[in-house]
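Got a structure for you, written out below as structure tokens; questions coming shortly.
Should a chain be cited, it is by its letter among A, B, C, D and E, assigned in written order, with residues numbered from 1 in that chain.
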């Protein structure tokens, strides 16, 4: 479609404006991480680097980051396994209730976090507690994995739709067993989708707070929970800004890699 | 082309489906069932202990108390508004990214849209709180035009939620636009349609499922949110807040309240599934 | 526990054994600092070093959350406020405390001992930790003349429409009741936590009227500070510490105890009836009210310490004065948070009072 | 003992039958794609399945390869029942219409794949891959990716990949469909040559009659999941078993009922191939020795269309009662004078060229 | 005034020229897809661009449609310079190779699209859409979705969609490429018929020489972005301007250098069409009147291959010095006795059939 120059300029402006709006709050976060004013007063009363120093020495933030990484990685790993299996079943097989499966998989992410959270909380209490498994990292991982599965499912599904089924057939035809077909043909073809899906799942888990609140045990403090607690602490809010600013800066790398790996697609699907 | 069932493939299918479905059922659907079941229990009003006597009082109260209806409607309207705003923003942005910007620009633009997802939901919400405050950036930016910022309240909630969920809308719409064959657009132009016409008759119908897919996120995430409301909502109260405030006091009532978004979202999903949204997620 | 109501909550231990090496705590933000947020603020590590009890802290945002967390049975001890304590006692989630096993108990201000919100039938169900009043804060540049009555946020709230703030919890209904005690004696309110249906309705009506003028309800520090700092809120309830912090940001604010008195909170460290680590829990209780630590917490969090000797340990010599720690006259005007129950707390026998569940629903309605 | 003997005997037939289908039926839901097909392909034969779109050719091939399970019936490869054998254990390789090359592997890796999954040592693997690439004249392309090849080159890589471990049977699903005509003709010759030199059994699927006629040892014409006729190209072309075969394999003039009586002189259904009709000036008797002998039929008509199609010219001729005949004439010598649009023209053919077909 | 006159004059030429390209060049980066092409298509003409894959045919068509902007040169439609006109303002419609039907619209809506965007009233729109659908014999399918149609039906919908508002020029990019042979031949006839009855100028792109030869009024043979020859089918076939054209349009025996001297008897490059060579028994003189007259050349060879290709048989014959000739023979009468594999055979052709081509 050939757009007129004006149309292109307008579209460009809307996009630029949109992106600007997306980034203004982030810039503010960055700015506030240097704001001498503890409660983010606007305009800043002065600039200081003490929050950055404080953040870099904050064991709490470091531990929370570690917990979040652990939870995110574990949940992503489970999601990758389960999501891939489900995507395979749905996209490479025909069976009764095929569409219901994708419907059900979407539920955990579509239902409000608070509903999922209290449901999981209630279930863990009635089921896990009696057998001696308390709330902790494990329960957080279970909660996160549940809504991460659909992300992987969607990414792998989209990829499977584009990989000609004849590739796997050609492999079998040439004498490859199922696992060989997976190792030599299917997995390489899906690798970038796995990465993109995994990254998005990880990001989702990394930023989750509601379900986490209801599934975390004592001492299990993920980064968002740490942020939540520290926003309510008298002297900590600026340190939170430092952490957030750092996260944004650091996250560009994996996001960019994911985009590169899956340059043929939109790179990640929700 | 999905293969038809044969004995061998049925076994494989079972092997493939069993783990995810088992997980889903045990970890999630089971939990949901337990929760919804507990909506039929009562609570000791003083100790907040759940009393296991079967009754429908919670639902009765839910349906007869006007304030719940008001809150449910307000929540629904906010979710709809957020979804509409995001769709209106995402369409031109995704279009520009996928079809107007040069190939070299696509990846950086997409990265730019995705990166904020990592900044932390609470941090962003608090940043907006600062921006929307009386002396905030928004007020300062609007002042020269003689305008006031929206302050804290429903409008602020809509703005911030729309901001938070925007990437979730852009992503599927972008994917759909990128997949749209150039041929379709050429065919339309070839038959005499100008850019606007092509947009309306060819592009929009093609991205509709993707918009619905994105709306699954914007709609349901808005429907259940309660933290953003606490931060910028002023005195606004949404379903999520009511559920959150009841959870610790009266779990059965919270469960009954939870049934409201569950029903809304299941209906919504069923509706958009027909439009092919679930395949475009 | 089985059997009668009295058995509920189990028994206090007669003597302590060896530490279990671990203790799980539910606390308000700032009550159990381990230096991870600010390396200079740490009274957890010294405790761990001293007792060998590893501390796991869960920070709760509201009293309700504390109650529900305690119900999981995974925690040994909690810093419960008065609007949670009775519920924990009644549900049997909290056990009575043998104060003899807490050596520092003897230095606690007597006014905090054997209170309706921390004891039952003469038995203490926890160790008092600290207290504070819900003050009236206002922007001196925007609110003139300086208010001295809650009237400013109730009947006169319209003057600052859109900029009034209030604490976001059902317990705030007591603030309205407190105001009505004086403003509408005909209602016959004796105790703001003992309201019959009629009295509750009156309070709710008042709050609904106030709702029109409210800009936002606050529930955490940060919100309240930014709101007053930025001028989004100009008048409303506050805690002393918030007032101090806001002033430190150079915002023109002032906090007063209005002439009607005020509601307030007094936190109590309680032990779970199902505690897996009761010995460490007792060690924690004693540690946290020891003069030095009690002073540290009180200063960091911004409250009046409960240990008389703590006033000598504060880094700011004026701390106890600022927070009226030993000013019993001051605290006589404060009605500490207590969970409203059916049985009227003011002693009325001819009527049933409204309970917390009803307050919760009423609060939902107030906010609309 | 008795069993061994039976085995041995089956073993003997093995040397002659490469593929055998017995009463094979395949349903997709309510669609019967393949309907009780019996088929025997001999060893080292170039066998073609020819039929219109949707007739079930691909399904037949996929049944042989093992990608589909028959609803009923039995499939043998080299005398062994493979009905329940998965694809990777059948000694048959497929050349897919879309080639199905592995995009992330080099040409060499693609070709060596069948050896890789069998665990053949790397050195041998590469040697044999290069040998196969040489066979298809692509030895210079070993390290390229499939995306860097043209259509014809990809086609050859697919061929090399399927040939590398010398399967007993090669299954080809319209392997030339995506190529342009010149390339297609070139590849036809190459394929035929390859089959001759390797001695591998080729089972080809196509809807292009020219391809089928020029390449095959035998053809099976498929229609609606059934085989209408099996035989060598000449037989299928010259003696079509049904009107459908007559029409689908080559163009023909089909004459039925009244028309048959008028034109052929007898009732029934007849096929007269356009190339069998001789054009003459209406005045003159038909040229050549057999001109007016018995067994030759002559009619007169009017030319309505003349299309020059390169090697031959196609005439459409209207007979007096509205019948139409198509006549093909090689562009070898000059045309009869009257062979111009609207001209009167004489047509003649040998009686036995009006071949009766069951309709 | 002067300008009006110029306009008027241009207007006069309009009645004769539908499409004109003047020195049109198109580069994609460093690839020159179209190289200084001059081309004139007359009104109501069926004009075909014929060439191998990658020769630039599609690019030429897209330049005319307006999807691509030429790097240099000028494009006229009906005498008007449209070089800078966007596609939706050019009076030409395209039938895409993959049809490019709008998947979310019914057949009817697809066909009516050109009218819809012009704001034609609904009643008229539907009436004309149905008319167009009737033209392509699809009137029963109006409410279906494209996904519910077969390939041939989709092709016809695409055709109806492009025809509905009677554009001056119809651009067709290998419209029959995806269809099977029988259907393709049927559609060829229909397309030709449609062009005749509507009088619309057709500009067709194909790589299928048969299609080009049988359908076109004129053919342009494209190679590497240039036009090698333009002319009516017979001319392009019979008098190829270059060796490339001779080889690409129909099969031919190209004889060069030594071979030419040996076989044709003269130095140079010559093309002898396989159908122009007569097979005789080597003993007998060639049959017919011109047998031994001057201007006829006779040689003897050995048959190496005989392929029965339906209407004709293709012989490959080895001449004594290693030259090979392909000979086509219509299956009209019996073969010479020696026409069997490995048999000695005589070949003869008219001297003027050995056509010299610039190489």
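Observations on the model:
Note that contacts are C-beta pairs under 8 Å (C-beta built on N, C-alpha and C of every residue); 3 or more make two chains touch, one makes a residue touch a chain.
Only a predicted model underlies this, so the values are computations on that prediction, with no experimental measurement involved.
In this structure, the chain pairs A-B and B-C differ in their number of contacting C-beta pairs, and the larger number is found at A-B.
When you average the Cα atoms of each chain and compare centres, the chain farthest from chain D turns out to be C.
Centroids built from CA atoms put chain E at 25 Å from chain D.
Chain A and chain C have CA centres that are 37 Å apart.
Chain B and chain E have centres, each the mean of its CA atoms, that are 55 Å apart. Looking at chain E, one finds that residues 86-87 touch two or more other chains. With touch defined as above, residues shared between interfaces to two or more other chains in chain C number as follows: 222, 226, 230.
Looking at chain A, one finds that residues 2, 40, 42, 228, 231, 237 touch two or more other chains. Residues of chain C that touch chain B in their complex: 62, 64-65, 67-68, 71, 86-87, 90-93, 162, 168, 211, 214-217, 219, 222-223, 226-227, 230-232, 339, 341-342, 355-358, 360-361, 363-365, 367-368.
Listing the residues of chain B that touch chain A in their complex gives 1-5, 9, 12-13, 16-17, 19-21, 23-24, 27-32, 34-35, 38, 89, 92-93, 95-97, 99-101, 107, 109-124, 126-128, 130-131, 133, 135-137, 140, 163, 166, 168, 171-172, 174-175, 178, 185-186, 188-189, 195, 198-199, 203, 213-214, 216-217, 220-221, 223-227, 239-240, 243-244, 247, 251, 254-255, 258, 261-262, 265-266, 269-270, 273, 278-279, 281. Those residues of chain A lying in contact with chain B across their complex are 1-4, 7-8, 11-12, 14-15, 18-19, 21-26, 28-29, 32, 40, 42, 78, 81-83, 85-86, 88-89, 91-95, 99, 101-116, 118-120, 122-124, 126-127, 142, 145-146, 149-150, 153-154, 157-158, 165, 178, 203, 206-207, 209-210, 223-224, 227-228, 231, 237, 240-241, 243-244, 247-248, 250-252, 255-256, 259-260, 263, 265-270.
Listed in rising order, the residues of chain B touching chain C in the complex are 43-49, 65, 67, 70-71, 126, 129-130, 133-136, 151-152, 230-231, 233-235, 237, 242, 245-250. Contact residues on chain A toward chain C in their complex (touch as defined above): 37-42, 45, 54, 57-61, 63, 125, 129, 134-135, 216-219, 228-237, 239.
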